[in-house]
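Each of the two complexes below includes chain A, the first together with chain B, the second together with chain C.
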Partner chain A sequence: MGLPLLRLPVRGFPVAGTCVSALRSAMRMTLEDSRRVQNAGYQLKRKPTKLPIKILQPGPSLLPKGSEPKQLLEQKLTQELDPTGWRRQLFQRSSPLALRPGDVVRVVFNSETNQTFVGTIMAIRRRGLDTSVRLRSEVAQLGVEMSVKVYSTSVKNFEFISRAVKKTRRAKLYYLRPDEKKGK
Partner chain B sequence: MIYLKSVLNVIDNSGAALVECVNVLGKGNKTAGRVGDRIVVVVQSIRSAKLLAQTSVQNRVQRGDVRHAVIVRTKKEFQRQDGTVVRFDDNACVLINKQGEPIGTRIMGVVARELQQGYAKIVALAPKVV
Partner chain C sequence: MVVSRVISTQGGTLLSSALFISSRRIFSTSTSSRRDLPPLSEFVSSFTTHHIEKPVTTMPTEVHTNITTTIPIAPADSGHRRLKQSELPLPVLFDSQQAALSRKQLPKRTGTIAFKRGMMSVFDENGIRIPVTILQIDRAQVTYIKTIDEHGYFAVQVGAGARHAKNVTKPMLGHFSKAGVAPKKIVAEFRVRDESGLLPISHEIAVQHFKEGQFVDIWARSKGKGFSGVMKRHGFSGLPASHGVSVSHRSAGSTGQSQDPGRVLKGKKMAGRMGGDNVTVQNSKVVKIYPEFGLVLVKGPVPGPKYAAVSIQDALKKPDVE
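Showing the complex of A and B:
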């Protein structure tokens, strides 16, 4: 098959595949023929075309230079949820007011009924804004545990009732729970 | 997490002391019962008659009775909308009739606030609500 060196009969097709199909239809070639052309080592001449997609440069950062977005968000939320800082003070280890495991506190909730819960602090989970305390108490001779998110808007106040009799040797007082093996 | 064969305390004066769960209603067969869920129970043991002097004989249940009940406390902790997590030291229920009204006339002990929806009468009768 003596095909002449190819010149594009149709202009303005940037994609190679389109070129070939247009070429085929122009030259009334069979599919097999066109494959042969593609595999024959010929290179179709193409004009260098501009990319149709415009790549934009990133704009200037909205955050101050060198700042951590996560930290900024946390600062902002702390301002919103704890403007006076009393929540932070109660649960920061270095603070003299800090609550410790074994202390007894009353949690006052922000509800219409002014619901409260008194209990011994069993565990403090320090995770920034996600900090929570687990309280345990006995209500009508039955153990009840409640874990409260410190920074929750539903918590109105923590009222300190008493310090632990002795400074506890553990951070988590799970031993306050009844012994399952012994029964009640 | 109340399933088939779970044993619960009964905290009303219907006469039952311990019941065994035989079905959790309104759920698939693989979902656990939680506070506020309705269950079918079999009465396993009853309280002594002395304690139940005030209960009318009509309302008393017998050992082996199949009754409906509503779960009022669970050992498995449950979370509330505001992130608070609550957990009790035992599993307990209150016997109810088909209409959802409690069979007994008194409730002893704490119940969860979640019962307010659908079982307001139990919450009203309970001495303590957490």
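Showing the complex of A and C:
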């Protein structure tokens, strides 16, 4: 630490033999040096006519070393947005309560009128806090789709209505959409 | 000077055909001998007086420049000598640094360096999902200040991050030593409007410098894209997919006219190095700050790759932050 700086005045280009040994001795850490480095700060050796260069050791960063800020924040936000964990359980594959494509659910929103939307789960996009479900239904013979952000504070509840009639063989049921070529 | 040189070099009796200074005929004779000439001093002064006494019909009493100073001008009939340029109270020229400073729009407070740490999304109070960029402000400290008296403008030099002393050059070590800070990874300068925006040296600029809901400008070096074609670099449409187009579907097409001008005009958009430019994003909203982690979440994208150093300062086009 700081050693090459302390021993900089090695003259000439290191050639095999004498100079290499000189370099080596220059790189060797004296006891005095090591003590200085381990302290909070240390000084570079300079001419007495020049101002001393004092080197301070940087303090620790606020972020824990090696931590990924995105993961940190997502953990923190998940606890805030889903303290009981029901949102996570509804869309975790391993959970027996998990919703699956083809299931019919009702979403209740956090509004004054408790607005709801009933639809078939067409697709589930699992992305941590960005997890969303795409619901499809028909309103007055017009196909309507809605993408619901599961962790959004505007979502109050998911009410389970029915399982898929038959286990779906696809994860994304985009085939529920009418075939535009046929003009259905 | 011209006159004296001519006279001395001629040395004989004749002055060459005619003597012109600029377009004003001062003295012209083809055959006059030297004794006909007035002494040089008289000659020069006659030139000066002639210049002054030239009738000026509409002489304004003063000249208003669009900057600050008013130049007094003596009336034409006052008999006073016109002041030399060096004697005039100098106006602040439009092209001068001083005038440029008065025109310059600058934020009141200093900015700081942050490190880009990726993107994520958060929900606002209405449950609307907002894309945000995570910026880390890591041990940012003021390393130097610049003042108008010493440097010609006000600025705060900020250093951020940490670098091992052995990887820092000795001049920079001396600079950090003077400021009383540990060696920094990167140092940048933030101009401020006046001295009220200056901060004491070694002052730490923490995340709390920014307030939730305020707007900031962010600038950084954008990601390099390498040598890119015109479709990617300039958004050209390319050539048709068919109708006889061969091999050049992503080409630029014509680059100009024919024999007139017979060259490609300068600045023609062509393929070339793309990215790696300084890009500024204006008026990004500060969505959330996390003082415990030293993180700032700003709405939307920020130029540059992950871990890049970006500069972040109060938005120029929004009201000042108190």
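Following the convention adopted for this analysis, the second predicted complex is superposed on the first by the 120 of 184 C-alpha atoms of A that agree within 3 Å, B and C clash if a C-alpha of one lies under 4 Å from a C-alpha of the other, contacts with A are read in each partner's own complex, and residues count from 1 in each chain.
Criterion: a residue touches a chain if its C-beta (ideal position, glycine included) is under 8 Å from a C-beta of that chain, and two chains touch if they have at least 3 such contacts.
A quick note: this is a predicted structure, and the numbers were derived from the prediction, not measured.
Q: Between chain B (first) and chain C (second), which does A:Val148 come into contact with in this model arrangement: first, second, both, or neither?
A: First partner only, chain B.
Q: Figure out whether A:Leu72 sits in contact with chain B (first) or chain C (second), or with both, or with neither.
A: second
Q: Output check: A:Phe117 vs chain B and chain C. Expected answer is one of first, second, both, neither. What do you get?
A: Only chain B; A:Phe117 stays clear of chain C.
Q: Should A:Pro178 be classified as contacting the first partner (chain B), the second (chain C), both, or neither?
A: The answer is first: A:Pro178 touches chain B but not chain C.
Q: Which holds for A:Gln57: it touches chain B only (first), chain C only (second), both, or neither?
A: After superposition on chain A, A:Gln57 lies in contact with chain C alone.
Q: Look at A:Val139 in the shared chain and tell me whether it touches chain B only, chain C only, both, or neither; answer first, second, both or neither.
A: First partner only, chain B.
Q: In the superposed arrangement, does chain B or chain C reach more residues of chain A?
A: Touching more of chain A: C.
Q: For chain A, give the residues common to its interface with chain B and its interface with chain C.
A: Common to the two interfaces on chain A: residues 149, 152-154.
Q: Once bound in the complex, which stretches of chain B touch chain A?
A: For this pair, the touching residues of chain B are 73, 77, 82-90, 108-110, 127-128, 130.
Q: Which of the residues in chain A come into contact with chain B in the complex?
A: The contact residues of chain A facing chain B are 117, 132, 139-149, 152-154, 177-178.
Q: Within their complex, state which residues of chain A touch chain C.
A: Per the touch definition, chain A meets chain C at residues 1-5, 44, 51-59, 61-63, 68-70, 72-74, 77, 81, 110, 129-130, 149, 151-155.
Q: Which of the residues in chain C end up touching chain A in this complex?
A: Result: residues 117-123, 125-129, 134, 136, 138-139, 162, 164-166, 170, 173-174, 176-178, 180-183, 290, 292-295, 297 of chain C touch chain A.
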